Each structure stands twice: as C-alpha cells, then as structure tokens.
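Listed next: structures, encoded as structure tokens.
Here subunit A shows up in two complexes: once beside subunit B, once beside subunit C.
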Partner chain A sequence: MKKVYLGVDVGSVSTNIVVMDSNKNILDNLYIRTKGKPIEALKIGLRQTRNKLDKDTKVLGLGTTGSGRHLASTMLGADIVKNEITAHGVAALNTVPDVNTIIEIGGQDSKIILLRDGIVYDFAMNTVCAAGTGSFLDRQAERLGIPIQEFGNLALKSKSQVRIAGRCAVFAESDMIHKQQLGHNQEDIINGLCEAMARNYLNNLGKGKDIKPPVIFQGGVAANIGIKKAFERLLGHEIIVPRFAGVMGAIGSCLLAREEVRKTGKTKFLGLDIADSNFNVKSFECENCSNMCEVVKFYRDEKLAARWGDKCGRWSNVQIAKDDEKLA
Partner chain B sequence: MKITFPHIGNSYIPIKAMFDDLGVETVVPPKCSKKTLEIGTKYAPEMICLPLKINLGNYIESIEKGADTIIITGGCGPCRFGYYCEVQKEILRDLGYDVDIVVLEAPEGNQIELFRRISRIANTKNIIKISMAIKNAIDILKKLNEFEDKVLKFRPYEINGNEVDNLYNELITDLENSNGSKEMKVHLNRALKLIDKVPLDKNKDALKIGIVGEIYTVIEDFSNFDIGKKLNRMGVEVHKSLSPSEWITDMLFFRSFGMSKEVKIWNAAKPYIDTCIGGHGRETIGNTVLYSEKGYDGVIQLMPFTCMPEIVSMSILPSIQAEKNIPILSLIIDEMTGEGGYLTRLEAFIDLLRSRKDKKQLEGVN
Partner chain C sequence: MPIKVGIPRALLFYEYYSLWISFFEELGAEVIVSEKTNKEIIDIGVKNTVDEACLPVKVFHGHVMDLKNRVDYIFIPRIISLTEGEYICPKFCGLPEMIKYSIKDIPKFIDTTINFRKSKKNLNRTVMEIGSYITQDKKKIKRAFEIATEKYNNHRMLMETGLLPNDMLKKDFLGEVPQPSKKDKVLLLGHPYNIYDSYMSMEVIDKLRKHGLRVVTCDNLETDVIDEKAKTLNKKMFWSFGRKILGTTLHAIEDDGVCGIIYMACFGCGLDSVIAEIVERKVRRSSDKPFAMLSLDEHTGEAGINTRIEAFVDMIRWREDHEDNLSTYR
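Up next is the complex of A and B:
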C-alpha cells in the first residue's frame, strides 16, 4: 500500500495539486487553470489525481495554501492551512537547503523571500500594482497571439535591445504598442518586456534587500526562460529554477502537512471521494450593522459546512451543529 | 447646537463625557463602517489619505442624524492633517451642508485661543467649569487607554477564552449608555479591576509585537482591520506605540511648557533621523528602536496610502532592521486594501517571527 501526502495550492490563476510520498519524492503534480471557479477547479483536480493513484493508496495528510487556502481547507479537510510565503519558503529550503533568496512570481502577486541559515528572514509582496505578474504576461501573450509557453524562447532570439516602460501594466502596454508601431520586431519587444518585468520586480520588491545567491526562481512565471535570463543579467549571478517551479507552493504545503500529521498522528482529510461531493455556496448580506458584510454559507452535500465573510464573528464563530440547517 | 466629531478609536467616549458635563448636546457618529468609507471616498479627493475619507463619512452620517457643529482636533504638523479642517470645510460647503467647524488646537501653544474656541462650543465662559470637564474627559481617556492596552496585552494569554472580549464589549456598552464623566468613571474603575482578575496563562510562549506608524491607522481599528485582535488571535501580545491620551496630553499641555515624553522617543530616533519630518515619522523610528531594545520580537508599521512622513520612515526602517536585528513589516492601507492579502502578510510575518524565536531558543539551550 502506497502512503502519500497531498499539497493543494489554490491561486488566482492556477490550482495545483502535488502528491508526495513519505520520503519527500514528488510522485505527481497537477497544474490546472482556476478560471475564477476555485471549487470546480479543485474538484476536477482532485478527480484527476484520484484516477492516477493506485486503488490502495492511503492519503496520510493534506495541506493547503494560496489565496483560496481557507476555501480548499473547508472543502477537503486540511491538516494545515498556511500562507503562500511560508509554503514557498519551506519548499525552496527542501530543494536547495542553503538557498538565500527566493524570487516568486505568480498569477497576481509577486514576492521576494530572503532566507538566512534555513529560516525566513525577511519578505516583501507586491502591494498596489500587478504590473510584473503572470496575469499581465498572459494578457500580452494573448494580445500578440503567441502561446505563453513560447514567450520565453522567443525572448532569447532577440538580437537588439528595446526598452519598455515597466512601471505600470497600462503604460507598459501602451509603450509596447508604441514600439510595435515604430517597427521593432516581435522578439526584441518580448525580450524588452521580460527585462522590464525583471527590472520592475527588483526596483519594487528588491529595493533595499540584500539579494544573495543561491537565488531560486519559482512560481508560474519561472517557466519563462526569458525572464530568468533577464534576472541573471540584472543580478549578475546564476538563478536556479527548480524542476517543479510552478507548483512549489503545493510542495511546501505537502511538507508542512507531513510535519503536522507527524505531530498530531492523524489526518483531517475527508478522503479522495470528496471530489464527488456536491459543493454549494450561498451568500447573503448581513443586516445587523452598517458594515453590511457579505456572509458566505458553504454547503457540502446540502449540509452547511462553514460560514465566513463577517467582520464581527456573529456567523463564522457559531459552531455549526451537525446535520442541522438543511439547504433551503 | 448639536455637536459632532470624527471617530478615532474609542475617543468618542471621553468627548461625549466632556459635553455631557457641560450640558451640550452631542451626536456620536455611527460606528465607522463600509458605508462611512463609501460616503467619504465618494466626496474626498481621490489621492488624499484614508483618515480624511473616513472623517468625512463620519461628518455626513452625523449631519444626517441632526448635527450642526463639527469639532475636530487640529495640528500644525507639516503633513496633510494640517489642511484637514480647511479641505473638509470646503467639501461640506460644496455639498451644501450648513455646519460650523471648530478646530480644537492650541495654535503654537496658544492656550487662550484654545479656551476661546472651547468656550464657544461649551456654551459657557466659566473657565473652572470648562477645565473640570476637560480634566474629567482626559481622566476617562487615560483610563480607557489603560484598559485597551491591557486588552491587547492579556488576550493571547487567556485561559478560558473570550473573557477579555466580553469585558471589553460590556464596558463599551456601559460607557455608551452613561451620561457624564461621573458615571463613566465608575464603569471604568470596575472594568479595570475585573480585567486584572481574568485568569491568564503567563507561561505561554507568546510573541510580542509593537505597532508603530501613522496615528490614525494605529488607533482606529476600523481602518486597520482590527489588527490588534487579529494578532491576539494568532497568539501574539500587542503594544500600540500611539494612543489618543498621550497625544492629547502632549499636544495640549507638555509641549507648550517645553517638556514632553516624546523626548525619550526622539533621542532613540536620533541616530537615524534628528528632525521632525511631519506626522509621526520621527516617533515611528524612535519607537521601533525602543521596541527592539525592550526585547520585542517584531514591529509592524501601519500607514495610509500616500502618507508622506511614514513613507520617509519606511525607507529608514530597513537600516534599523539590520542594525537592531528586529524584523519589521510595513503595511499600507487604503479603501482598496483587500483583507485577504493583508492577512496573508500578517500570517507570514508571524511565521517568520516564530521560526526566528524558536531558533534563538534552540541555540540558547545548546
């Protein structure tokens, strides 16, 4: 009988699931687009994972991370729910034990994590702007009619420098159009965009931070070799892109779940067949005060499983009596 | 005359006490809510800092409840707060509200002018009566702040859970239903005694975080998503470096006599910044240094988006972080701030502090 741990990372753009055995080997990884429907994406992902696993596989534990971590935990029953920063840090340390810097660029946020002597020492996340993130690249690739997978390789073919204003997504786009209309060729523009993104990242998140090698580059955007090269040029040293760069968050939550279950001795995971359950969400506006919180009621197989979204705890704190409150 | 004023934390309670004692009618603005912020955002200049937007919402909600005179505290610090009263006057006038705005401040330490303004809204020239009302209000403010400090300090160590919160909520309800400082003092004294009796697990290994930054976002829990409670729930003891009572006593009294508790904070800030840059920029630096010396595990800086003094101090904080070996997290807040991202940063920061502390303790054992 195989014993595995599951890690789930529900992000803005992708939902990732990782299967890891007890010796930290990655057996399977799954990367699907969330498409704004995290519940659907998770169900599809979990079904695919179940189909690939042997019948007698036993899931020892499950961890969730990403912006949808609480939702995923409510749906699946997680042993540990961790923020993305910690999860990415744990995964990177497992891949390169002496890592000092993590560059992580995901769908809608980017982070820099500095580690010293095996612990997270400092971190920063983009605040008000999504210019240097995957969603922006996605959109530009679409606009140029190039599959995102080929974006990075095209950048490598560039022969001359084109400088694109990378401070803001809107300005970058208009600057790109301007450069296109000046007649620059596509490779150079794409390369310019990669450089602009790397520069923007270092100017914003990297400001005042001591970026020491070894540097790991992870998150969905790490698959883009053009950006990796741009970082290498700007930083002046080699950058490691781990084999599972796109699913490092999920790997981190796997590792955290493994540790947690070792402490508690049993898992809270509801089983792989939960993928066949029916999940329903209803929301209403609470009218008890002028905050008018939108409270979400989450149903698993017609039974109320959780409530959230209120500021005061009137709804979320109340213990939900089992078998109570049928879906009206 | 029906007087109203903007919210900042629980300061509405002593303000109400003062006017109750003077026999002047007040309209306490409805608690800050999404609606308050929506109203404020609609009428305020887009790039103005968050406090003005919430203030404006407070005024309009109060005016709808019948208020005709607004009092606000002023301050000539070289930050945009100095313009608040003028900008707010203009906006309210443009919107067609016919209200009086009285700025409560001692301009350049001019106590006589302050008393002239106070006597206008107090409806009396009897200085003794006014002084007594102010003194009582400040007493209440101090006791209330003392209680709030204890809430933030005790909550993570609670054994039975929710006792502190229940006491706190009860106290606020009692105070809101009281009339005048005398009644309020009774409630406050009782609550201060009770909170010391809440059973606490003092052996619990809790992290300690100090909060610095722009005064409004530090004090007004609506603006900072109740950061104190969030951190307390994660098992963190919290101390806020700024409180209304210290600010008011400093503003009104000590500064005009040329003495101030702030001197200690300024001295701590001196190696990094040795002049006032407006707002509480220098205090942010000084308090961060002091927290690192008092053995706090970390510091969180709060500021509204576009806050100039805090942006300046934010660029100095990394040097303190490196030299004093204390992790610092800066959080910028405005009406666009999503609670999810905010929470993620807080959680990650707590994880960081926890692993640092565990490591230190492990090294101490070996």
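Up next is the complex of A and C:
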C-alpha cells in the first residue's frame, strides 16, 4: 500500500495538486487552469489525481495554500492551511537547502522571499497593483495570438533591444502596441516585455534587498525562459528554476501537511471520493447592518458545509449542523 | 433644544475625539458622531468626492453625508498646522471647501482655521472662534476648553499604558488592555485615520492580536521620547505625523521587545510615499527586524491583506523558533 500526502495550491490563474510520498519524493503533479472557477478546477484536478493513483493508495494528509486555500480546505478537509509565502519558502528549502533568495511570480502576486540559515528572513509582495504578474503575460500572449508556452522561447530569438515600459500594465500594453505599429519584430517586443517585467520586479520588490545567490525562480511564470534570462542579465548570476517550479506552493503545503500530521497523528482529509460530491455556492448580501457583507454559503451534496464573508461572525460562527433555513 | 454638532468619525477624529467631544459637550451642545465606517459610508463617500482624492478623504466625505441630515453644524476645521514649524497633509486645509463644493444641502460648518505653524499664541483665539458657534459666553468657552484639555491629556496618558483609541472607543470599554498570551510587540505605523478605522484597515489590529501579538503604535509612546528620537534625523521632518512615525521607528529599532514593524499606507498618499520609504530604509539599515508594508484602497477583498499578515506572523514565529533551536518549519 502506498502512503502519500497531497498538496493543493489554488491560485488565481492555476490550480495545482502535488502527490508526495513519505520520503518527500514527488510522485505526481498537476497544473490546471483555474479559469475563474476554483471549485470546478479542484474537482477536475482531484479526479485526475485519483485516476492516476493506485487503488490501494492511502492519503495520510493534505495541505492547502494559495488565495483559494480556505475554500479548498472547506471542500477537501485540510490538515494545514498556509499562506503562499511560507509554503513557497518551505518548498524551496527542500529543493535547494542553502537557497538565499526566492523569486516567485504567480498569476496575481509576485513575491520576493529572502532566506538566511534556512529560515524566512524577509519577504515582500507586490502592493495593490498586479502589473508584471502571470495574468498580464497571459493577456498579452492572448492578444498577440501566441501560446503562452512559446512566449519565452520567442523572446530568446530577439536580436535587437526594444524597451517597453514596465511600471504599469496599462502603460506596458500601450507601449507594446506603439512599438508594434512602428514595425518592430514581435520577438524583440516580447523580449522587451520580459525585460520590463524583470526590471519592474527588481525595482519594486527587490528594492534595497540583498539578492544573494543561490536564487530560485518559481511560480507559474518561471516556465518563461525569456524572463529567467532577463533576470540573469540584470542580476549577473545564474538563476535556478527547479524541476517543479510551477507547483512549488503545492509542494510546500505537502511538506507542511506531512509535518502537521506527524504532530496530530491523524488527517482531516475527507477522502479522494470527495471529488464526486456536488459542491454548490450561494451568496447573498447580509442586510443586518450597513456593512452589507457579501456572505457565501457553501454546500456539499446539498448540505450546508460552511459560510464565510461576514465581518461580525453572525453567519460564519453559527453551528452549521443547525438547519440554516431557521436562521435565514 | 441644544445645538447639535456633528463630528465625522474620520481623519483626525481618532487623534482628537476626546478633546473635541468634551469641548462641545461642555459648551452645552449635543455631539453626534457619525456611524463607524461601513460599506455604505465608503460607497457614498466615493460617489461624492473628487476622484483623485485618497481613500481617507473619501471616507471623510461619507461620514459627512452620514451626519448631514441630523445636525445643525458639522465640525470640519481647516487644519493647516498642529505644531510649530510643522505641517500636515495639504488636503486638510482644503477640506471644508472640498466638501462644500462636492456635497449639496449640507448644514453650516464650524470651519475655523487651525494654524499653529508660527506659534501656539493664537490658540486662545482659535478656541474662542470655535466656541462662538455655540455660545457667546467667553468664560464658558475657556472653562470648556480647560476641561476638554484635561480629558484629552488623560486620554493620552491612558494610551501610554498601551491602550489604543479604538479600544477606548468601544462601548463596553472597561479600561483594561487586552493582553495576548505571548508578549510580542508589533509596531503598527501609519496615519491614525488608517490604522484605527477598523473597516478601512480591515481590522488589522484585531487580526494581529488574534495571532497573539501585542500591537503598539506611535500613540503608546510619550511625545518627549518621540521628539528626542526625531531630532536625531539629519533633516527635520516637517510633517507632524511623519515626525511621530519616524521618531517611533527609531525608538522601536532599539527596543528588543519589538519583534516586527508594519507600515500601513493608503494608495496614493503623498506623505506615506516618502515617510514609508524613510522608515523602511531606517529599519533595514539599522536593525534586522521584520518589516512589512500594507497598502489600502477601496477593495473589500481581504485575501491580500490576510496573506501578508499571516506570512509576516509566520516569519516572526519562524525566527523565534530558530533562535530557540526548535523545528525549522513555521
């Protein structure tokens, strides 16, 4: 019988699931698009994972991370729910134990994590603006009609410099269009965009930080070799892109779940067959005060499983076991 | 019927509410403070403000809207300078006009100019002018201001024991500081109207406290200590809140009890863009304390701020564990 841990990272752009055995070997990893429907994505992902696992596999624990981590935890029953910074830090330390810097660029977030002596020492995340993250690259690839997978390789073909403004996604896009109308090569424009993103990242997040090698580049955008090269040119040293760069958050939550289950001795995971359950979400605007919180009601197989979104706790604290119709 | 004076629960309310409320009450007015910031107030404020203003100013407009049909006067002083040789954000001195031209059918304003840049000599005249909206009895105004000042000083002394304005503003406030299990101090920096408005700050204080951290702000430190520290800067910080924030930062850098520093700024704030930068450099150059920057704007999704707070707390705990040579995780 195989014993495994599951790590789930529900991000804005992708939903990742990682299967790890007790010796920290990655047995399987899955990267699917969230497409704005995290519940659907998780169900599809979990079914795919189940189909690939042997019948007698036992799941010892499950961890969730990503901006949809609480939703995923409610759906699947997680042993540990952790923020992305910690999850990415743990995963990177497991891959390169002496890592000093992590560059992580995801769908909506970009982060820099500095580690010293094996602990997270400092971090920064992009502020309110999501310029220079995966979703922006996605949009540009779509606009240019290029599959995102080929974006990086195209950038490498560039022969001359085209400077694109990287401070703001809106400016970057108009700059790109402007350069394209001037007749510049698409490769050069794409390369310019990769450089703009790397430059913006370093100016914005790397500002005043001591970016010491070894540097790991992870998150969905790490698959883009054009940006990796741009970082290497700007930083002047090699950058490591780990084999499972796109799913490092999920790997981190696997490792954290393993740690947690070792402490508690049992898992809260509801089982792989939960993928066949029917999940439903209804939301309403609470009218009890002028905050008008948007409360979400989460149903598993037509039964109310959780509620969240209220500031005061009148909905989320109420015993779920009670018939909610009485309260509504 | 007493005169009804409305005080918007926004901007410098969190700094001076004890002074203002007791002053008007001593004069015999009925003081009505607007509701706590909520979605409706923000929505209505955003709708009625020039679009380039910052969120705190928009929120202020919302509070004025909340008051406008139920008071005789709204207290919107034109604040230019609170301390000699210093200024505050220029939006404050245009606030009465901004509101006059953005909101229709509003009651009269008490919009006395408060300007102590040259000296505090005109304090008496300023107080008399504000008081004259309610009564012509100068002795009464003088007496009311004395009582109000005493209340205000008491209030400041209470804060020096570790209380925060939003603790004292609670209806069931008993005068006790909530003591978390662990005695870790996190310094929360930022303009008072950002950090103490729990809706706008997405309850950052409560969230940090739930993680077992003690939240301290500029207000918990004696003014003398802050000023002493601020004097060591190579250049005088001429914004009053900037001086407080920087002085407190310098003090915290040397305080071993402070295990982390968070700066909460509003998107588009000119002052914060400078002060936060100086704070970050000071913290990074002369200490190894964790530092995080939180930006606020109109969005109501709390995921971003929760992730940052969680990760920040994880980092603090991780470091503690590391120092105690325990597990390397978390």
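Just so we're on the same page, the second predicted complex is superposed on the first by the 321 of 328 C-alpha atoms of A that agree within 3 Å, B and C clash if a C-alpha of one lies under 4 Å from a C-alpha of the other, contacts with A are read in each partner's own complex, and residues count from 1 in each chain.
Basically, contacts are C-beta pairs under 8 Å (C-beta built on N, C-alpha and C of every residue); 3 or more make two chains touch, one makes a residue touch a chain.
This is a predicted model, so every value here is computed, not measured.
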| item | value |
| --- | --- |
| Fit or clash between subunit C and subunit B when superposed on subunit A | clash |
| Which partner reaches more residues of subunit A (counting touched residues only), subunit B or subunit C | C |
| First (subunit B), second (subunit C), both or neither touched by A:Ser160 | neither |
| Subunit B versus subunit C as contact partner of A:Thr86, first or second or both or neither | both |
| Partner chain in contact with A:Asn203 - subunit B first, subunit C second, else both or neither | neither |
| Subunit B versus subunit C as contact partner of A:Ser290, first or second or both or neither | both |
| Which superposed partner A:Val120 touches (first subunit B, second subunit C, both, neither) | both |
| Which superposed partner A:Glu259 touches (first subunit B, second subunit C, both, neither) | second |
| Residues of subunit A that lie at the interface with subunit B and also at the interface with subunit C | 67, 82-86, 109, 117, 119-123, 125, 127-128, 208, 289-292, 311 |
| Of all residues in subunit A, those that touch subunit B in their complex | 67, 82-86, 109, 117, 119-123, 125, 127-128, 208-209, 289-292, 311 |
| Contact footprint of subunit C on subunit A as seen in their complex | 67, 82-86, 90, 93, 109, 117-125, 127-128, 208, 255-256, 259, 289-294, 311 |
| Subunit A contact footprint on subunit C (complex, rising order) | 35, 38-41, 199, 203, 267, 280-281, 284, 288, 290-293, 295, 297, 299-300, 303-304, 306-308, 310-311, 314-315, 318-319, 322, 327-330 |
| List of subunit B residues in touch with subunit A within their complex | 30-31, 33-36, 226, 305, 315, 318, 321, 327, 332, 336, 340-341, 343-345, 347-349, 351-352, 355-356, 359 |
